[in-house]
Amino acid sequence: MGFSTVDRVKTAFFRRHSDGGGPILLDRRRIYLLPTAAGLLYAVMLLTMLLAAINYNLALGHLLVFLLLALGLNTMLHSFRNLHRLRLTPGRCAPAFAGESVHFPLWIEADDDEPRLALEVSSAGQLLLRLEQCPTGGDWLMLPIGSQVRGWLPLPRLKLGSRYPLGLFIAWSNLQPEMRALIYPAPRHTPLPPPRENTGEQGSGDDGLDDFAGFRDRQPADSPRHVAWRASSRQVDERPLLVKQFAGGSHPEYLFDWNDCLPADDETRLSQLCGWVLAADAAGNRYGLRLPNRIIDCDRGSEHRQRCLEALALYPAGSA
Amino acid sequence: MKKGRATDTVLEHAALPWLQAAVLACLLPHALHLPLWLSLGVASTLAWSLNLALRQGSLPPRWLLLLAVLAACGGIVLEYRSLFGREPGVAMLVAMATLKLLELRSRRDALLLLILACFLLLTHFFHSQNLPTALWLLFAVWLIVAAMLRLQTSALPPRAMLHTAARLGMQAMPLTLVLFLLFPRISGPLWGLPHDAQRARSGLSEHVAPGSIADLALSGDIAFRVRFAAGVPARNFLYWRGPVLEHFDGSAWTPARPGGGKPRLETTAPAIAYETTLEPSRQRWLLALDAPTSWPATARLDAGLSLVAREPLHERQRLSFSSSLDYRYNRDPNPGELQRNLRLPPGSNPRSQALGRQWRDEIADPQARVERALKLFTQAPFAYTLQPPLLGPQAIDEFLFEQQRGFCEHYAAAFALLMRAAGVPARVVTGYQGGELNAVDGYLVIRQSDAHAWSEVWLAGQGWRRVDPTAAVAPERIELGLVAALPAGEPLPLLAAMRAGWLLELRDRWDALNNAWNQRVLGFNAERQREWLAGLGLNPGDWRRWALFLGAGTSGLLALLALWLLQQRPRRDPWRKEWDKALRILARREVNCAPGEAPLQLLARVESRIPNLAPDFARVVNTYLRARYGPAAGEVERQVALRELRAAVAQLDKGRWF
Amino acid sequence: MPGNPAPSIASLNTVLARASEVILGKERELRLALSCLLAGGHLLLEDLPGMGKTTLAQTLASLLGLDYARIQFTSDLLPADITGVSIFEREHGEFRFVPGPVFTQLLLADEINRATPKTQSALLEAMEEGQVTSEGMTRPLPRPFFVIATQNPSHQIGTFPLPESQLDRFLMRLSLGYPDPAAERALLAAGSRRAGARALPAVLHATDLPALQEAAAATHAAAPLIEYVQALLAATRHHPAFMHGLSPRAGLALLAAARAWAWLAGREMVIPDDIQAVFPALAGHRLRSAQGSGFASQEELAALLRTVPIP
């Protein structure tokens, strides 16, 4: 990471408490401004030029020095203005698996119509993202943060800075929006355990529309859309219209048990369970989860998957 | 800062053309002063880097660059015999800046180059500070700023980039002006000027030989400008006196050794006052109108009635003089003066000397001898020309008796020699004659082409009297100026050649502009600044107040600029403004309106919190809602509604006290 | 009608007054429901059983003089039970369409979330298109056509929650909630009004409604108000409390509802108060809460309204 002493001191000096979950408006008190190394060099150059102008009695030399000086001071204001009245609103962060990079969404929007250019978001001295221009209507900043362990990953302290317009000054603001992302355990891909004995329950009502199973006679309540016109027309008179019949597939059902996992530490077990959940979900199977502190009944669908993964991520908490 | 490095590393290829344009603009004027080989090297390096940028090729290896640097250093040492000093220093800077273009690896490198380019701009002023230079450099600054901008952002299209750069510059202008006027000026130099700071310039020479002034006459450069307090005197009085040449060695005239007593001047005409702005000539002659009666303290009048400055003129200077156009000078000669002015090297120009002696013997009255000599010039077929034939060792003999074609210095020198031979003390005076009135700003402009030489003779009872033999040969030279006096087909000084009316006017305007530039901008030195501040009622010696002035001016302007920049928000409509006023009134009664609180909701709250204010506020709410959200009415109705709203808010403001 | 809207508003106020005699202490909800119908939108009532949802629908139907039909949704209800079926008549050798209960002016779809998604979508298609397509024939529904659907809170057993895309077809979602103590006392004293609701005399005629709707839609919305609506939409789109924001169609719906609300309040222009009044009913079933899996709560919506500045 390379977190130098200077950075540490600066962090301590400019520390701000959390900014909460609401929008953050960058105002006068939040924006810091310092000359960059190039800015200092520029100043030294101006001083040298001034001395030369005095020595050789160059009236235009004076004028040039003053123009460049005024220009430098003007860019200081522009640097400040570039950040001033920017509004940052924390968004909702989608969960990720441990080891993946999480993208924290931060809505950035200017309060006025002035363009905001060359914005850089960094954290702990590392550049996360560069936004060339903040669109007038606002835009999502997706801040990539690496995740290592499962559980809640809080958004680290951010620094939104810009060297616009000339790179002589850097204006920045420290941000600590209250955002966190849920990190699921890193999935471990192992073969699925044997499915649970079929309880005889044949899924829910909408299963009957999946696979074509044959024809039957039409009843008045049948949707005309399911009438097999071609098949019916082939029939002799006396028969009623035919309707296509569908049957629900029978999928295996799993209950992933903590105790079925390889005997290993908790994290490995959780990873394995996570891998199973993903595999079962991908196959469209019904599955449930049995953790030492919690049981999740068999079901399917994205909400169920989310519930299961959440339980794994927050284990042993969230036993409710 | 680690982060800084991370973002600085990449230099986009698309940014390169901007850098090249900025550097090119910076270097281009240097081509006028740099040795040809260096200019060619710079041009080819630029072309190379342009080619690299177009092909997105890779940068040349370091060893090649090192080689190029060494070659440049070697060349510069050979050229200037040194690596240090002003000229070789500039050459080095130019070479380095150009080679840096081939070594741009990061954004930081590029920024460094652009900052260096700013310094390079300054070096142009060693050569010229005129208006075109200033404009070109402004253009270069523009490009540099645009390139710096390009380094930071790629989001703007080129036009917007240039536009933003221009806006940055424009916004800096007021502050530039304040700094220029108020920043304490120090008279340089701070350290010794390198001797090459004073380069030879064309101008009057203290060594007049046939041909030396004719060279000068081809130059259209301005020698000085004069503004008369009253009107401009007649042309034939406009003799601007330079060095007096008393010593003749047979071919050239040179000044006598200094000393020789004070001049005694009796004026017979009222003095006229005028102000002269002298271009730097690297000489000490101040060129007052014949004959000066008052002059600045930094000058003194020498025995030859010429004004001499204490220091050579390295800077443009504005000086006040007054002169009397009719005078008697040294009626009682200084000791030795007459002897000195009768001396002739024996054996030189024998025929001329013989002619003079003949006149001395034949004509008793010295005055008549002068007339006789002038008659010689008018009667014989003498021609006035800028292209006199080459003369041999006995130049004056050859001129008087064979070629009979010459320029003013030929006539003045020949006349003085004839007079000395005829026993009349005589000498050559150089300076300028005439000048041209610029109709635009009323300045009389004296150019190098107005350089002139004439003679002076000493006559008993009259003292030194000016005799201009050129006037006898070519009266137009004195009456109308050089161009009128020259026969057709002569090569003419470029600027003097413009006779077309509109061209002349254009030139006058340009001169006037340059003059204003010189007077106002370039002439604004430590001394002028003190005068200007004193004019403002500020004692320039009062450093504390001065610093206060500067600080207040700078920070005040910056604050104004900041305010202006930060207040550029969408303008609120007048209804909303009144509504905000009403909200402020409520806030004073501790009813604060939440940003998302709708008007009627707020009214309900006011009714429960401050019932006695409610009726007034209800009126405000109703008028506001009707005016702001109601169907668009005509302009008249809008104004009526606005007035109503204002009245309601005013009522609310009054009501809050009860 | 726009030239002289007063009698219509007066009659609508009569409707409101009469309705609040039946449904006690729910004037705001009644007003919202009426606005919803005025804006030409369908209404979803979500509440526990026995809160007066059906009574409300019946009351409105009677007072507005609308044809009324009611379908009790159950898990075995089929789409054809709603839209109607074509019956093949042997004697004529052709199909004859027997229209379903949907061919009415005000349809009360009771407990819509108890039917299967397939059946739900049959109704919702009819709501969206204003017509029923079956067996290649398109049959227009009568005008006006309103659906007041009721549903039990989705966590109840044996329900199929409406998918979001179909929820969007309801202009508003209201929930009546428990009556306040005074109203409840009156209710207990007088007994259920449900029977009386059917017998209420009509105040308006069904043919009056289109003109009223037109007048309501003509309510002026000034530029600053449009700006406010836009700001609200933008806020929902990046507010951390919500999963995703309101669609442009929801924005149009918001404006239409606010127009009706303002017109009902006797105003000739829409003001921010109107927007705020209808916003929770409008956004509640369109915004998913970021916390948990449910919809945005009334508190979250109120917080949003508080923080978005009115331009």
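Per-chain residue numbering starts at 1, and chain names A, B and C are given in the order in which the chains are listed.
As a convention for this text, a residue touches a chain if its C-beta (ideal position, glycine included) is under 8 Å from a C-beta of that chain, and two chains touch if they have at least 3 such contacts.
Bear in mind that the values here come from a model prediction, so they are computed numbers and not experimental data.
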{"item": "A-B against B-C, pair bridged by the larger set of C-beta contacts", "value": "A-B"}
{"item": "Chain closest to the middle, measuring from C-alpha centroids that were averaged per chain", "value": "A"}
{"item": "Inter-chain centre distance, chain A versus chain C - centres from mean C-alpha coordinates, in Å", "value": "36"}
{"item": "Distance from the mean Cα position of chain B to that of chain A, given in whole angstrom", "value": "62"}
{"item": "Chain B and chain C: spacing of chain centres that average the CA atoms, whole Å", "value": "82"}
{"item": "Multi-chain contact sites of chain C, meaning residues that touch two or more partners", "value": "307"}
{"item": "Touching residues (chain side chain C, partner chain B) in the complex", "value": "220-222, 224-225, 268-273, 275-276, 304-311"}
{"item": "Complex contact set, residues of chain A against chain B", "value": "2, 4, 6-7, 36-38, 41-42, 45-46, 48-49, 51-71, 73-75, 77-78, 80-81, 84-85, 111-115, 117-118, 120, 122, 125-127, 130, 132-133, 159, 161, 163-167, 170"}
{"item": "Residue numbers on chain B that touch chain C, as the complex places them", "value": "573, 576, 594-601, 625-626, 628-632"}
{"item": "Complex contact set, residues of chain B against chain A", "value": "1-4, 6-7, 107-108, 111-112, 115-116, 118-119, 121-122, 125-126, 129, 133-134, 137, 141, 145, 148-149, 151-156, 164, 168-169, 171-176, 179-180, 183, 185-191, 193, 197, 314-315, 521-525, 558, 561-562, 565-566, 568-570"}
